[in-house]
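So, here's a batch of structures to check.
Look for chain A in each of the two complexes below; its partner is chain B in the first and chain C in the second.
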Partner chain A sequence: MIELQAAVSGALNGSLYALMALGLSLAWGFLKVINLAHFAMILLAGYLTFELATSTGLSPIATIVVTAPLMFLVGALIQLGYERFDVSELNSLLISYGLLIITVQVVTNIWTADFQRLPSEINPFSAESLAVGSLRFPMPTLLAAGFAVVLVVAAALVLGRTYAGRALQAFGQDREIASAFGIDHRLLGVLLAGAAGASAAVAGMLFPIGGTLTPDLPFEWIGLVFAIVILGGIGNVTGTLYAGLLVGATSGLVAVIWTPSTSPFVVFSLVVLALVFRPKGLFPQKGG
Partner chain B sequence: MSRRASILALVTAIALTIAACGGDTGTTTTAGDEGTTTAAPGTTASPDTTAAPSTTAEGSGDPIVVGGTLSLTGAFAATGAIHKVAGEMFIERLNAAGGLLGREVQWNLLDDESDTANIAPLYEQLISQDQVDLIMGPYATPNILAAMPVAERYGYTLPQHTAVLAPLMTYACQFPGWSIGPEPNSFIPNQIADALDSLDGAVSTVALLTNESGSTAFISYGVADDPDDPSTLNILPERGYEIVADIPYPPGYEDWGSTAAQVRDANADLVLVNGLGVEANSLIDAMQQLDYTPPMMFALFPAPGPLLGLGDAAQGTLSVSIFEPNEPILEQMDPEVREIVDEFAERAAAEEIPYTVFETQAAASWNAWEILAQGVEGAGSTDGQGICDSLHSTGAELTFSGAVTFDPAVNNFWDTTEGLKQIQGSEWVMVWPEDIAAGALAGPTG
Partner chain C sequence: MRHKGWLALVGIAVAVVALPAIRHSTDFPMFYLIFLSGILFWTAQSTSWNILSGYSGYFSFGQGAFFGVGVYTMAVLFGRQGINWWVAALAAGLAAMLLGLAIGTIAFRLRSLRGEIFALLTLAIPFILASLARLSKAIDGGQGIVIPVPEAPSFLSQFQEFVFVVSGVVALFALTVAYVMQHTRYGWALFAIRDDEDVAEGLGVPTFFHKMIAIGVTGLIAGISGAVAALQLGFVSVEGTFNLDVPLFVIVMSVLGGRGHWAGPMVGAVYVYTLQNRLASGGFEGWSLIVLGALLVLVMLLAPEGLMAGFRRRPWLSAGIFIVIFLGLWLLGITSDPVTALALALGVTAVIAFIPGGGDRSTSSLVDSGEPQEHHAPVGDEPTDERAEVGRPLLVAENVVMTFGGVRALRGVSMRIHEGELVGLVGPNGSGKTTLVNLISGAFPPTSGSISLDGTGIVGARPHRVAHLGIARTYQIPRPFTSLTVRDNVAMAIMFGREPLGLDASRRAASEYLDLVGMGGRADAFPGEINLHQRQLLEMARAIATRPSLLLLDEALAGLNPVEIDNAVDVVRRIRASGVSIVLVEHLLRVVNQLATRIVVLDQGLELAEGEPAVVMRDPAVVKAYLGRQADAAGD
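Now for the complex of A and B:
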């Protein structure tokens, strides 16, 4: 029973990481941008959620009305910058790493490096769970799973069933050919980057609901989130969700069967094996 | 895909290297009796080119410059800020009372950015370039360990606030401001067992969780290659407490849901978290989500404020402390202690430090500064070896820890005054040992 509970808790936790990985995977897959600034946006959204909720008494979930449009704008502006200066895939990694470092420092200066935590009066979710029999589904990560499913389904529908989505896929596969067919890749790229930014806002909102904020959190996220992006398949939105659930459940199971310290060994061994044997990820898309 | 992965691996490595090699970007401030001002590097001439500690004549009128680093930015900044305020307060009071050897004291404080790689170069700079007269250790055990060889190389005495891993602190002229005795891996589990013994059998089983970083793992498991070394894992069973779960976890661990399930399943009377920061908070949250509240908890080195912020969920949680400003304790101490505690609260609030209580961290900082000041006065100079010898021969009289002596045979770790504190109501209350307690130890609930 404990193994089942651990797998459930781990999978739900993994869905939060999948949510964080979603925007990163989309930008990498379709725009050829490895955007570490995505972690900066998640961090910033987390602190804005904290600030808005504590200063106004709003539910942290409601703050998304402010943070999602804001992060859409930030994501779009960063993409405009990449387009304006014709930044390569490699350089995007370096530039966005710089943006991440700057953001961490700004957040530290504004909110201090100390731990910040939403008070329980405005964040009842932190101690709540949904009971199904003897299983418990912790509310913060259950919310994360809900948002992850909604965003992944929406992204999959947009990518698979709309002109914009198909245009993005064409652009992701061959920029020159796509442009020759009249696809406005700049506008689509900016919109996609904005959407990725909005998804960062959702992930950022969920973090203070479930835990404690510190400015250096992105450096704890990066390894696991990249593992999920790689295992899910770069640009594969449903694969990202599956990979998040798989990594989370595996991590949880390993933690109780062996020790929590063994989890990173197992997860990153999976990544290495995937890179060797399934370089397009564990969940390849049709025709991908 | 594989090309991308290669790019990612390569450039991430480069980026991390760039970050690690950031070098000396620390900001320099000097805290004197005029408050914090722009850097004024020490003007005292060093007698030789090897930058040995200055022995400038007494009463020369030149300020005595103390060099040191603190983590003013980065991961340790929250605690670094506590040490900065405590240090500034101490120096202001010292200068108001005439300084050291009749000379004003200035603090040349650099920001080590919470990066251990910055520590040695910054202390090299302070000693060989800025030619400071004295040094004060940084915050956090890894940083102190990095500063120690530099101090030893130049013959400077190194007072330090918080490194409690006594076996590693081998430099004869390092002096701890916080001591858990020469064997903290024995003292802490024995003190916990002593406290549990007083509860008349209410606790018999323990779930042990351990952050695998140096100091916490040392308390749980002793030295890595010696299973018989004193440790929580060995001592508690010897004292009659069954360890029903032993769960090590890596630094930065986030998957508390599965661990909470494991702890719930163990159903121990005491959940003993030899962890850091907000790890105990995360575990309590995760256990609450499973509708589980352990009868009793212990957190080794937690951030004190956030645990109090958990309210009822953290009631009764135990931790270690060398000082808590509880009213019964303040009433027994010199009135100056209350002044220090009150002033610290005001200044910490002004600096926007979330937890403004003058407790273990600030007391350890104060101790370290007192050790330095008394060493200088005892030596009658700023000579590093002279200060070291003076402290070895006469010890120090510490406001928050009483009279202490320093024995190089045990790396100068003095007889500890450390006790256990417990969350009771909205504050941490000193509860053990009984002779220094401000309140009674509350037993397990439920």
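Now for the complex of A and C:
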């Protein structure tokens, strides 16, 4: 039973990682940008949620009204910069690494390197949990999973069913041909990067709800999140969700079967094996 | 030109030995010795990063991992076990080298996304190592390790002098390795990998081997340097070792200094370390990472070639301005602190370096030179005189099948190419021509079937092995190494060819092949400065410079005007006359008719017909499948 609890909780946690991976995967697949600044936006949104909730007394979920549009803007502006300077895929790694370092240090200067936690009277979710049979799930985990699933499904629908989504897919496959057919890639790219930024804001909001904030969180996320991006298939939205659930469940199971400290090693080793044998992801898309 | 580098290295060596010796007599303050030790440490680290990431283009965020393995090997072996410090330092280098080779074994074997996955892998590894060190009682256990002061040789009276000399030796080792690599095949292989890894492999460069050498050397230097840093620190902790400083600093230093030149990272180290020092002494410590991050973004966007490129454009002006400002500020007493004078002088010199223009090579125009064609021999429709003379079978392909996902690109093709033949491989789009060329050149193995050259099976062999066996190819869209001149593009193929020559000999030999294709006059141009026709001729020169027995020309005449086509046809004839058998993939039937001794027609992954051009072209099946659409073009 404890294994089932661990696997399901792990999968729920993994969905939050999938949410973080979503924006990265889209930007990499469709815009050919590997945007480490995505982690900077998540971190910044997390701290802004913390700051807004504590200073106004609002529910942390309500702060999304401010953080999502703000991060949409930030994401769009960064993409405009990449477009303006015609940044290549590998160079975008180095440039966004610089942006990430700047953000981490700015966050440290403003909120210090200490742990920050929302007071429990503002964050009612922290103490709640939901019992399903003999399984118990903390409310923050359920919230995270809920947001993740809704956003991933929404992204999949937009990409598959709308004109803009199909235009983006065409653009991801062949930029020149797509441009020749009149697809305004600049506008689409900036909108996509903005949407990725907004998804970063949602992910960022979930961290202060679920636990504590420190400025070096991005470096704990990066390994697992990119593993999910690659295992899910770059640019493959639903694959990202499956990969997140799978990695999370594995990680949870390993933690109870062996010890929690071995879990990162086992998960990372599995990821490396998967990269070597399935570098195009675990869930290849049709026609790809 | 060559000994300028050696002079610089000897100069640094003299300074490293002389400074501690003359320190007492000249009253050279200890603070500056510590400052210079810092620059030497970062020179070693950033040069180490640059050998892998600058030369080969494989960005690594994992310098902290190599550094950390060095630090902890020293801490455990010397600090805890009491093993001799220099034995521990060498062991640290070896341990970091092994880590590099292990990473390379995994990441460098990938077929797609190699660079990206490598970068992301290196991003995660320091954090894995940090948690390993924190958990393991045998390594750290979260407490940190105290390292005693080592017993220094008697001629170095103080510990800081000892650190300075040892750091200097490590930095010199790093610089020498980087310098030697830049001027030998080991560096050139990495430059070729950076420009176009698949092409390099196809020309005979064992890319995996050279990437492993690069990452091994990077790990070795970073490990030894980390071990020395551990000695200097006296106490090491997980947080102090596996933090962001090392990876960020080496990247900023190398990018700012210039990644293509061995001295670039050293220049960057001087700049960044001085800047750091001034920020810290000015009370802006919390800003230093912000400044470095901003510097990285700005340099990448605005001047990605770095400072060294600017200094090399105006060497005397830069050096003059630097010396005048530095000495002027210091000696005239305008600033009492020489580090401030250094910082200001460096700043002004950087402005000079980043002003564009003034140079020669980097500001090349993209204007087509309009060079007159050398060969105007009109090529009519008369049959070629070089038919027959067919020798023994050279290439034998049996029942080759290739499927991509669900698509069957080749459905069982068998063909033989004999010595002295020039076989035209034709067929409509999607018939499998280019797939066959890729399989023969070893780009990927067929799903089933066998291919052999001169009786040696080549299925499963890596492309550089196939190249060494005697198969060369060109690409439909030319893929020159853009950072090398036309001559050096060809020299690269000779340097890594079947009978490899050194760099100088290869450059001399390159002229012969450039003359053969009529490109002798453009040897010193960069690929960006020549037109499409010339780039295609360069492709051919580079391919025959590997001295193949079989040359695969993949639509080498695509996009040319009629005069250029006639010239290219002449070149192909000359190549064949030099004793190379040729497979010519071509859409232009006029050209195939003129040149080919035999034609093979592919359609939908199967061989439709083969034989003498005149016979094949009248085959009703061929006309139906292929010529039907182009009958007008063929009949004129």
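Rule of thumb we're sticking to: the second predicted complex is superposed on the first by the 288 of 288 C-alpha atoms of A that agree within 3 Å, B and C clash if a C-alpha of one lies under 4 Å from a C-alpha of the other, contacts with A are read in each partner's own complex, and residues count from 1 in each chain.
By our rule, a residue touches a chain if its C-beta (ideal position, glycine included) is under 8 Å from a C-beta of that chain, and two chains touch if they have at least 3 such contacts.
Remember, it's a predicted structure, so these values are computed and weren't measured experimentally.
Superposition of the two structures on chain A leads chain B and chain C into a clash.
Once chain A of one complex is fitted onto chain A of the other, the partner contacts of A:G189 are absent, as it touches neither chain B nor chain C.
With both structures placed on the common chain, the touch criterion links A:L90 to chain B and to chain C. After overlaying the two complexes on the shared chain, residue contacts for A:G172 are found with neither chain B nor chain C.
When the two structures are aligned on the shared chain, A:L99 is found in touch with chain C, with no touch to chain B.
Judged by the touch definition given at the top, the superposed model places A:G239 against neither chain B nor chain C. Between chain B and chain C, the partner in contact with more residues of chain A is B.
In the superposition on chain A, A:A113 makes contact with chain B only, not with chain C. Of the two partner chains, both chain B and chain C are touched by A:F226.
By the touch criterion defined above, A:F268 reaches chain C but does not reach chain B. Working note: chain C versus chain B after chain A overlay, options 4-12, 58-66 or 508-516, clashing stretch identified as 58-66. Contacts of chain A with chain B, set against its contacts with chain C after fitting on chain A, overlap at residues 34, 89-90, 93-94, 97, 101, 105, 108, 220, 226, 230, 234, 261, 264, 275, 279-280.
By the touch rule above, chain A contacts chain C in their complex via residues 34, 81, 85, 87, 89-91, 93-95, 97-102, 104-106, 108-109, 219-220, 222-223, 226-227, 230, 234, 261, 264-265, 268, 272, 275-276, 279-280, 284, 288. Per the touch definition, chain A reaches chain B in the complex via residues 1-2, 5-7, 9-10, 12-13, 28, 34, 89-90, 93-94, 97, 101, 105, 108, 112-117, 119-120, 126-129, 131, 136, 138-141, 210-212, 214, 216, 220, 224, 226, 230, 234, 248, 251-253, 255-256, 259-261, 263-264, 275, 279-281. Taken together, the chain C residues at the contact with chain A in this complex read 57, 59, 61, 106, 109-113, 115-117, 119-121, 123-124, 127-128, 131-132, 135, 244, 248, 251-252, 255, 286-287, 289-290, 292-297, 300-301, 304, 405. Residue ranges on chain B touching chain A, taken from their complex, read 1-2, 4-5, 7-8, 11-12, 14-15, 19, 73-78, 81, 114, 212, 247-250, 252-255, 257-262, 265, 277-278, 281-282, 285-286, 288-291, 303, 305-306, 309-311, 313, 352-355.
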